[in-house]
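One structure below.
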C-alpha cells in the first residue's frame, strides 16, 4: 500500500521533503499547494503530484498525511486545520513564535488525536544519531558535559531575520532540541550571552548574530552552545558529549576527502556549506521516520511537545539575555 | 525528451545501475532482461520497467541505449549484438578476459560507429575526481609517484574466483585504470609481486590474493599498487599522488564521523565495507556521464580502448609474475 | 655570562623548572631550598646545585634570580622577601588565594622595582603560541568566539583540593589566563555553571569538579570554557578561536601517531595524560622567556598583574555561581 | 658509575649524539676528535669534553666507548681500530659502501669480541617502535603487506651525492632496515624502479632521485618503499603494516597541531622538515639503547650484521635496476 502525501508550501524546504518522499518506497507525493502557483507547479512537474488548493488537500480522501512547509506564521493554523481534518501532520519547526499560540495549537492536536511530528531534522543526522546510540549503549557512562557548535555559513537576508523570531527561535532552536536529545535530562536553567558582530544591520533589525548559551539540568549536567550567523569555512555543525567513562563526538562533513600538501601545509576542503546538502541524509531519514510512525500508528518523535519545549528554552534565553542571569525553565 | 534504457543482466550491479537511472531526471529504465526471470521481475517491479528478452531489447525501437551487466563471459557477444543493432552501450568491465576477443569486439563497435562506455566506476568517485582536478590544475606540479591502495573487505566466493580471470583481471584492473587516470602518461613496464596469504583455497584455485605492482612510464613516473583480497577494517580505497610541487591524496570513506574517546584511545568507525555503498556517488555520476555523452553524442570515457588497455596491463602483470621481471607493455 | 638561579621549593614542579634551567645554555641552577631536606638534596644531586636555606638563597650575591615553587600559601611572602632582596622573581601561579594579599604583594614588587613573572605555562605551549601568532597575523580576522576545553585526567588528592582555593582558583585559573591571551580584549562579565559529578567527596569538601564558564568583553567577544576534573581519555587541552575571517584551533597531544585499524574501527592513542609531559615544551619555553627578559631587562609576561587578573576572574566566577547571574569584573 | 664517551667526528650528526649523551644520566662526553679543530672545539666547549686526537681517544683508559660519526669512508677503518683497542662501538650507517670491506670489518669486530651498534636511528622512533610493539602483540595478526613512504624535503648537495654511494645506499638503506624491522622475516627478492625527476644534475652525477622498491619474503610477505629526494611539504616518513587481523600505521610529525579554517579550507602545518628535529626522540632513544647494552653487556641491535644486510639489499636493488628484474638476495 502506497501512502499519499499532500505538501503545503512549495518553497526550498518543501522541495527537500518532496524529494525525500519520492526517494522512499511506498510513499508518493500526490498533491501540492502554494500561494505562488509556479512554485507548486514546479514541484508537481518533477514529482507527478497534482496542484491543488490547501483546502482541497486538507479535505481530500486520497491524502494520507500532510507536510507543512509554509512560512512560520501559517504553521499553527495549518496544523489545526489538518488536525480537524484528521490528517497526520509533519510540520517544519517552529510551530509558532508565540508560546500561547503553540499551546492552543497543540491542545487542538491532542483533542483531535492526530499524529504530529516536528521537523527537527538534526536528530536524524546519521552522525548525531550514532553519537546518541553510543551514549545509550553506555560507551561514555553518565553524560556530564554536552558541547554543541552550530554556525551558519552566512546570515539569511535581513527581511527574513526581521520576521524570524530572532536567532534563538530561528537558529538556536535546533541546538536547544539537540541539547535535549543529548543531555538525557531536561534543562532547568538557561543562560545566554550574545552579541552583534557579524553585520551591524542585524543589530539594527533588533537581532543578535553571535551567542554562547549554557543549559543546566537538575542533576548537574551542563550543555554549552556556540552560535554564529557566519562561518567563512562552511556550515559548522559539531557535537561532543563528555561522560563519566569517555567522550563521544561527531565531526563536520566535507564534500570530499581530498587533501593537498605543499610547502604551505596540508589543505583539506572547507565544510559543506549548505544546510540541505549537509543534512541530506537527515532529511531522508526524517521523512522515513514519519512514514514509519504513520504505518505503525506509533507516537511521533520529535513531537509537538518537543517543538514547544525548544521554544520555551529559546524564550528563556531571551529573558536571560535581558536580565543578565541564568533563568529557570520549566519543561515539565 | 526522456531517454529509455534497456538493462541486460538483473544481478547485483544491474540493480545499482537501475537505481542510478531512476535517480536521473530525463532517464527511465524501460526494459530489463535476465536469464533468471525472478531477478528481472524484481527490478521491473521496483522501476516500472518491462521484462523483455535480450533480443527484444536489442531490437526495440523504444530503447535508446543498453546497459550490459551480465556475467563477464557474455559481455563481448552482447556488445557486438548491441553495436549491430545500433544501440549505444554501457558495459561493465571487463569486456572479456581474452585480449584477442576484446580486440575483435572493439573492431565491431568501431565498424558500427556506436558509442561505448566501460564501467570503470572509480573514475567517477567524487574524491578521486577532485584529486585529478587538482592535478590538472597544477596544484602538485608534474606527477612523479602515484600510490594506490586497494583492498577488498573479504574475498569473493571461490567459484567466482575460479571464473574471474584472477586477481589482476578481476580486481586490480580497476587500479590499473586508476593508475592511467592519475599518471597522466601511459605505463610502459609492469612488475608484479604476489602471494596467497588470505586463504589457501584461493591458491588451490590457482589465484593469488595479496599483491604489490609497480608501473613505470616513459618519462620515469612510477605507480605502486597495494592489493589484498581481505581487509578486516573495511573496503580500503585510497590514492596519493606525489608531484614536483606537492602531493594530493584522497582518503577512505566511513559511515559516520563519530569518534569515541576512552582510556583505550580514540576509536573511529571502520571503513565502509561494501563496494556499492562506498561507490554510490560514483555509480550515479558514471550513469550521469553516460547519459550526458548520449545526449551530446560526444565520445565516451572510459572507452572500449580504456577497457582494453587495463586488460593489457593485467596481462603484463601475469607475465611479470611468471618471469620475475618487469615486462614491457605497449598501450600504443 | 652564566645566570645563576636559586630554586625555592623542590617538589614536582620545582623539578620541572630545574630541568628546564639545566637544558638552557647560559643558565645554571646554583642553589635549592626546601623544607624537606631530601627533596632539596635530590635536585641538588641531579643538577650540581647546592642545598641552602631560603634566607641564604635570598641574600646570596651569586644568585641572579629566584624560582618560587613552594606551596601556594608561601608564594606571596617569598615574592616580597625576594623583591626586598632585589632578586628578579619567577613564581608559580597563583600569587595567593586572597586578592588583597596579592595586591599588597604586587605593591611591594612595584615599590622595589624588581622583575616578576608568573608561571602561566600554557601561554608558552608551542601550539597555543602558534594559534595566537595566527590571530595576530590577521588570519582569522577579528576574534569573536573563543572556546577552551580544559579537563584533567583525574582529580587531585582530596587534601589538595581542600587547600587549593577551589576549581576556579586552582585549575580554571589557567583557562582564565588563556582566555585573556586569546580574546585580545579584557573580559567584563563572567558567568559560571558548575556541578559536582566526578566524585561526591569533592562536593563534601565544598568544591565542584565540572564547570562551564562564559566570559564576555566590552565589544561583544565571547569565551566559553569547559572544565572537568576527570577525563578518562587523558589530559584534554584544546583551544579554538572563531573570527570574522576564519577559525584557528590547536589540538591535543598524543604519545605517538600510531593508529590500529581492525573490524572494531580505527584506534588512536589516548591523550598524553600528565601535565608535565603534555607541557614539557611549554615549561622549557617559559623558563627561556624568563631568562631572556632577565638578560634584556625588559618587562616580564605574564606579569604579576596577569596573575591578579586571572584571580579576579576566578573570584567573579565564584560570585556568579552563588548569585546565578553574570557578574561584572573590572580588570582595569 | 658514569660512562665516558669519545666522539670521533664533530659534524652535524656528531653534535646530535653529543647532545644525546649529555641528556643521558650516567653518561658523559669525555673526548672529541675531528680533522677540523674548530668543529671539535665547538662540541668540547658545549659539552665539557676534551679535544683529543683519534689515536688518543682510541687508546685512552678513561674512554668506555666510542661514537663514530666521521664521513662514511672512514667508518670501517675506525671500527677496526676501536675493535682492536677493545672499545665498544657505536657507528653511523653505513659501515662502508663496499660489501667486501664491510665483511672484513665485521670479521675483525667478531674476532676482537667487542660490542658494535649501527646507527639506524629510525628503529628507535617512538612511533615506529610502538607500531612494531603492536605487531609483536598480535594486534594485526600475521604481517602481509608493509608500506614505507620515505621522502626527503630536498636533495643533499651534489658533491655529497657523488660520494654517497647513491640513493639506495645513502637514503633507502634506512628503509631497507625499517622493512626488515617490520616484515618479521628476511626479504629474499628485491625489485627496484627508479628515475631522475627531481634535478637533472643528480642524473648527470650518475644517481637517481625517485624510486619504488618491492621486497618479498619466503612466506610471501611483500614490502613496498616509495622514495623521493624532494617533498615540498616536508620530511615525509610514514609506515603502514597490513596483516591478517588488521593494520597499524604511524603518521608524520608536525611542529604544531594548529589548523586554520577559512573559505579556502582547513590548513594544517607542513611536516617537520629536518631529519634531526623529526628524529630527535629517536636519536635520544638510540644512544639510550647503546648505553643500556654497554651497561648490561648484552648484544647490540641494530648490529653490524644488520648494517651489512641493509647494504646487501641496496646492492640487490642496484642489480635489479640494471637487469630490470627482481633479484634474489641472500641474507642468511
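So that you can tell them apart, the chains are marked A, B, C and D in the order they are listed, and the count of residues begins at 1 in each.
Rule of thumb we're sticking to: a contact is a pair of C-beta atoms (placed from the backbone, for glycine too) under 8 Å apart; a residue touches a chain by one contact, two chains touch by 3 or more.
The structure displayed is predicted, hence computed values, not measured ones.
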Between A-B and B-D, more contacting C-beta pairs sit at B-D
If chain centres are mean C-alpha positions, then the most distant from subunit D is chain A
Per the C-alpha means, the centres of subunit B and subunit D lie apart by a whole-Å value of 42
Cα centre of subunit B to Cα centre of subunit C, whole Å, reads 57
Listed in rising order, subunit C residues that touch 2 or more other chains are 232-233, 245-247, 261-263
In their shared complex, subunit C is touched by residues of subunit B numbered 232-233, 261-270
Counting only contacts in the complex, subunit D reaches subunit C at residues 23, 25, 46, 126-127, 130-131, 134, 139-140, 245-253, 255-263
Residue positions on subunit C within touch of subunit A in the complex are 142, 144-145, 147, 149, 151, 189, 191, 193-198, 210-212, 214, 216, 219-224, 226, 228, 230-233, 236, 242, 244-247, 323-326
